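There are two complexes below, and they share subunit A, which is joined by subunit B in the first and by subunit C in the second.
The block that comes next holds the complex of A and B.
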């Protein structure tokens, strides 16, 4: 029946696909005809085509099969049929990676490559280079060099492109062909020029000076090939970026002038490349942007969709950094919002959203709603990002935008897309208190029908955090409990945790929550049951402090550290109980912020990143920050002299530069804080290529009270390497003395050496020293940030258990509340709680809540009431478990 | 870091893939040049299906999908695609696509249809190979490509030509001799 149907369909198509039903084994069987004499070239070509077609369809050949086919194919060299020969080359290239002993055809190919038939030569070179290895390459090097400078452009191009492929296996040999490539750059053929430039750049790319020379020369005598010019623009951009990052950029560099002159090139390809480059260069100022933008504006009205797409995509990019520069194009963009290419329309609208006024938001949203279902997920994410930016810009429009988002949330879409919408709603909720209730309502509705477990868990967690503090917390319980009835185990567990939050924070809901939790104790899943039992028994006690500690605040240590500490504990059986205080605390919040920021950047970048990539970046960022102390600790442990230090690294500061970045020796300092000790890690880099440094150490003049325990020098520091030297100090007994300034000098033994080899000229050296900037040890170095979700209850609880100090200060240098808040946070190094670091606009007073832990495990809570009146006045209240710490905090401010 | 990603690394490896699909979204020919994207045939075909479903209705020339910029053109029952990285200059990709389309069109004497492509699959394969080698644009001028792949009719032995073909070439020769 099936066969009949297919026949019929084929008839309708008028014969159908002659390759439709071929099978691998039959075709390989047929390949035996290659051995016939005389050969039938047409038939053989057809069989060969079938083999290539199969390979192209993704059919896998075994090594045996491939080798057999390959050897049969070599027989076809007897035929002089041009097409057949060319198909053989193609077959060789396809099979070269699967079959064995492919080297066998080297001589046949070398013959064709050096023969008279031009149609063979180019293709033979490419086939030959695909089968050759380093040892064989030596034999054909001479021919390759000749081919690169051949008069026939096809041959020359083939040789150049092949040599670029070969750099992967024989980079050094290809470097020897630089003169030939140099000659080929001057070729009349556009493609040869392009390929030669590619090869030359590849050979020289590690040598900055040579690249600069190359670019300088080629920018002067204009290249004919538009492709080569595009390539040259990219090289110039790279040089400019490097100049920038080295900090020696000049305002009117000839490179930039060259890129700008390309805006007047006759090829559109080059014009766009130049405009794109100018937009993306970091150094570009808004004045320099203008010509690029006007070129793009012209492209916007081009009849070619690709050109419009390219232009509006780049303009969208500009709108992120310089919205004002794009306003001139608003009219052209308006014309594009109804473009038949949805990608162009989406980009136009999101650009307008970024540059436009508040009044146009409604109209644009309506327009985009009409086709949002037709565009790909990647562009939907672009739209979501634009909306997020818009919400932050025009908080009053949140209801329109929130409705739109919830409609998008209901549509079909992948996890990435849904997650970006949920993220946006969460951001809006956090930034704009007015939008909180509607936002939560939308999210509740969403989890009613959400197939992504990870997303549901996140939203439940958010509900648990934000829900209890809304006006009608009881509304959310139903949504959450529904999840317990309907969802899979991870979601149920999250729902149980969220309910417990309500129980702990809203006393009037407690009895109901207890009933629901009791029911969850009958769950089929272990985790859900455990959680329910845990929360139920804690809530039963009705002890505020208990529920604060174990439900509202959650775990504050970093999980990887906890895991390691527990592992260590189980290795050495002891009588003493495990002390959770010995585990380093997690500085979780900055990681979250970073991850969010990265996600925003990655997504906000118009050029939609490959999605898995951005996810990896976020993961990397998170992993990176969470375990900063961990990675440092790992490094410190590797130093034998430091190994006996107490295992619990409490806090590590960000690296501080102790020298200018362009000096002979670059030194950065990281301050590691242990409960009783301070370890200063100096990362030194030697930037002099004619010096070898030995016994590098830092001499420190410590303020009174500090006691230097030991100093660990860095034995050898060759050119361009970074080595670390350490100093271990004991903290003074008196806490106030722990804040101070150290003057530091770098001391070392210099041996002059040969810049090329790095070998010292003689064993004799001389002592030298280098003044460093002072190292400051502040309060912030000695505390770890801790985030408090419910600062209010922790504060009240601390009233009875902690000692309190209060003082009033006048911060006369601060002009605004934001500035004051930022400075206080930086100075104290504590974590702002309950988003009190965001000062609402137009207020003249603000209260900042900060929380953290001082080394040794003393909790610090700070309330700072700020008022703006000719400078900022601050009333600071500190509550801490240790009175000395409280005193230190109040005494260091001011 | 973000900005650096947007500036294009100077390299000749521009094209990530070329594909010719039929009007059901099935692959006639496809080549992917970057091992890191779609390493297996299964992923490639899934991508092609997705690409086809997004492009077969609207003839819009350019789309971004799975982190790639794809430019495309269609005719009767064929869809031609050229893929590049999402930061790539779209116009360069377009020039490759135009070269591919024009070359195929010249090879097939303007009969750009699935059947004719399949009948001349070997030549189309050769043309694709001449346009792009391992991701590097070899040639972007369609007539140069056509010239390099050498059309067949000149060298079919007489015995294997169909009667119609013989007649056709006889006619041509007659015409030329008359014109001289």
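The block that comes next holds the complex of A and C.
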């Protein structure tokens, strides 16, 4: 108690954080005093606190360090100081996942959990469950069962929650505690009842009938704990959703009745949970929705901020699915716009924006404008996101919205906020060609006075890409060159790169660009000078192909892979030159996935996409995760039989299921394409707990021309584990023969075993096999997507350097252009360029551009002209560096 | 240890507190032995195989003992060494009826004696030739010979036959240990 008082006083005096300057090595040194006899409990507790503090600050301990600290800590069990003991439990939990031999404290903890000191018991259970493993569990099962039904609610809750955690490592054992959990559901303690329901549900959740029974019983009994009722509502919802998706929903299900009745519960928490559930259920009709929305509406004017927040957040989420119902709350929402809690205010506004009609956009935007300067960046971003949604919904409103955004751009604000605005403008430009020039103009104006280097760099890159293809490219040059005069080095470098794009794409601007680039060669910064020299000398050649490859398109390979390949190359000196073709290409990630990744990476911060050779590009690329191929290659290399395959894994397919779901054995196949070889990886999972499989392999019947080089079996496959077996094939010499169907059978030796221990009953086994679905090897498996920034110039250039084939097809089964586009992309496995995968609404013809590389490094460019006429007709033109590849592309369609 | 602490210790003003380590193969009766030393009300009625270790406290002749009762199962024996450094006495319990595993006991004892944290220290070792009540139990003399105790020259040791269920022999042993520890402390 005294200690608390003193700390508080220190805080008031502005003592600051007492742990600010502590350091790992010193603290671990101090932890050695745990070994002293006699112990000083106060001192030890203080040191333990420091260790916990460090761990919670994200400090990493090595296995050795953690183990040493852990064993020192075990000696503290000799002290009977309650505070210290409880600190020890926390320490055990934190270190349990890092240190070795943590089971050493099992008996000590079991003693505490069954002992007389109530202050120990619950915490000891939690610590015990964090150190235990499956082999130890049997020894403590009896104590866990007793603890679940203990009279002390803290003990019972601790045991229940720990059981839930244990289901991850020993689901079957926890299932045996169902009677105890059942008893605990009847507890008078609200927490125990809640936790017990959690465990019961978890035990039964895979058995639909059992869950239904459980819910039916409990909805009749009226649980005492509001927490438990909330959980029951969630379980009921899940059952309802399942009923609906199975197509056997009944209009007046007792489950729904139960949820609805909870709207009249006496606890606000339960009322809210029920309303939330009803508005989110897909089956809810507008009649059923009404009472739930009125509850939320009522909450909107509650004096409790939590309730207002919960209500407006829920309304915000369903604004799109039930606009009418949410509009009914408009008046209440408008009142919340001025709520002193800004989270509530922002959610209210964005909800209104989502439900507003096109006609109300102007009024609402004015309203936001009045207060947007008062809210923090975090909420401004929410507003920006709402505007983004609005732009996509009402493309015609782009000028109002764009003006608004540019006004926001001019205001004060942090990087994240500015980046989200710029991002939104960029999205609008990309989605709506009509908005392009205005959008670019706003961005030009913005970079005139932009304090965020990374953002300026990104916008310059965009100007370089989009500017040359506008009606008046020269207008952008001035803005860009201004940057060269006024900005710091990274921005100048980006400006140089952007100007070069104009030089490469607009012949009439080339002389001017060259003059400007020549001036930049006098820059004080190395990078800027290097770039200027690089671009200037390429442009000087006036060679279309050269500038396409080295300015317009830039680097296509994955930068981390390039780095690794170069490093490898320098390690083994050789006469031959480095072959960039051996480096895997950068994976093309879909735009939205990319955006998500960026948001996750830097909390919504923008990262410059690859400018050729720029430092920012390298940083961005290395920050990105390695390609799928890299990850697989590492796994393949670890298999000794596969180690001598060519180092360059060209392409790996998505996993394909070769079994129906919920069968005895689950098999998925990944097709790895190497320049000359195909490796089929079969990931097999054994779902039978009474079988141990050995020598698991796949027998394959390959189409003519394929030659099976080797099969690598999986030696052992115990229950619930996934193992891989591989087949290495050589591709046929004739390209057309490489596309075909393999029939596959899984073969293995079965040993029956005891489900409890997993030990085989005897050494004898019997052979068995299992039919798999056919494996298809397609064209798409043999190509890698490549994204072309300027497809037009690449296509033009290819006219003279590539072989061309053309053919016309009638795709009679396709009803729309979108469908045709989607199918062609999937079928060919190539990357759409110039956003040509988006078919503008209401058009009856469309041209799709695709690009990629076939194994062996042959470029493939495809132009597909589509027209809607009783199905879709398609004129397909293929240009490839290899005539056989072009032939393959045209022949496999059809 | 500060000068003041040393002084008070020497004068015997402060109660003596010592750590002892209790080792031996599994099922030899370590936990049962320790349980017997505890006061009537603290004693557990049921003893299960130890997993890891347990700390128990008891007093004998004004010396407070903190006993680290280790688990004797094969997979945990490697963990004993973590507790060697801090102990001032060792109780080594042998199941004298388990002839088959006497060689294992000898191996484990040798490992213990050769450990850097034990070797060269004058640390008293008390052996209990436990389960003397069982008919085929070997005598303490035979056990001493089988383990080669005569080789231990640099440490005081003592062996007594015991029955941990009745407590027979335990008192004699612990009194010897208490005496040894007293001597050690006052010679410091």
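What we mean here is this: the second predicted complex is superposed on the first by the 543 of 894 C-alpha atoms of A that agree within 3 Å, B and C clash if a C-alpha of one lies under 4 Å from a C-alpha of the other, contacts with A are read in each partner's own complex, and residues count from 1 in each chain.
By our rule, a contact is a pair of C-beta atoms (placed from the backbone, for glycine too) under 8 Å apart; a residue touches a chain by one contact, two chains touch by 3 or more.
Values in this document were obtained by computation on a predicted structure and should not be read as measured data.
Peer 1: Quick check on the superposed pair: does A:26 touch subunit B, subunit C, both, or neither? Answer first, second, both or neither.
Peer 2: neither
Peer 1: Between subunit B and subunit C, whom does A:810 touch in the aligned arrangement: first, second, both, or neither?
Peer 2: neither
Peer 1: Regarding the shared-chain residue A:81, is it in contact with subunit B (first), subunit C (second), both, or neither?
Peer 2: first
Peer 1: If you stack the two complexes on chain A, which partner ends up touching A:305: first (subunit B), second (subunit C), both, or neither?
Peer 2: first
Peer 1: Look at A:720 in the shared chain and tell me whether it touches subunit B only, subunit C only, both, or neither; answer first, second, both or neither.
Peer 2: neither
Peer 1: Between subunit B (first) and subunit C (second), which does A:103 come into contact with in this model arrangement: first, second, both, or neither?
Peer 2: In the superposition, A:103 contacts subunit C only.
Peer 1: May I ask you to name which of subunit B and subunit C touches more residues of subunit A?
Peer 2: Here the partner covering more residues of subunit A is B.
Peer 1: How about subunit A: which of its residues touch subunit B in the complex?
Peer 2: Going through subunit A, the ones touching subunit B are 13-15, 17-19, 42, 45-46, 48-49, 52-53, 56-58, 81-83, 86-87, 90, 93, 119, 122-123, 126, 154, 157-158, 161-162, 164-165, 191, 194-195, 198, 201-202, 205, 227, 230-231, 234-235, 237-238, 241, 268-269, 272-273, 276-277, 280-282, 304-307, 309-310, 317, 340-344, 376, 378-379, 601-602, 605, 607-611, 613.
Peer 1: Using the touch rule from the top, collect the residues of subunit C that touch subunit A in their complex.
Peer 2: 17-19, 48-55, 57, 66, 68, 71, 76, 79, 82-83, 85-86
Peer 1: Mind pulling up the subunit A residues that touch subunit C in the complex?
Peer 2: 35-38, 71, 74-75, 77-78, 101, 103-108, 110-111, 136, 139
Peer 1: Write out the stretch or stretches of subunit B touching subunit A in their complex.
Peer 2: My answer: residues 2-12, 27, 29-31, 40-42, 44-45, 54, 58, 60-67, 71, 86-87, 89-92, 94-95, 114-115, 118-119, 121-123, 125-126, 129, 133-134, 136-141, 144, 148-150, 152, 155-156, 160.
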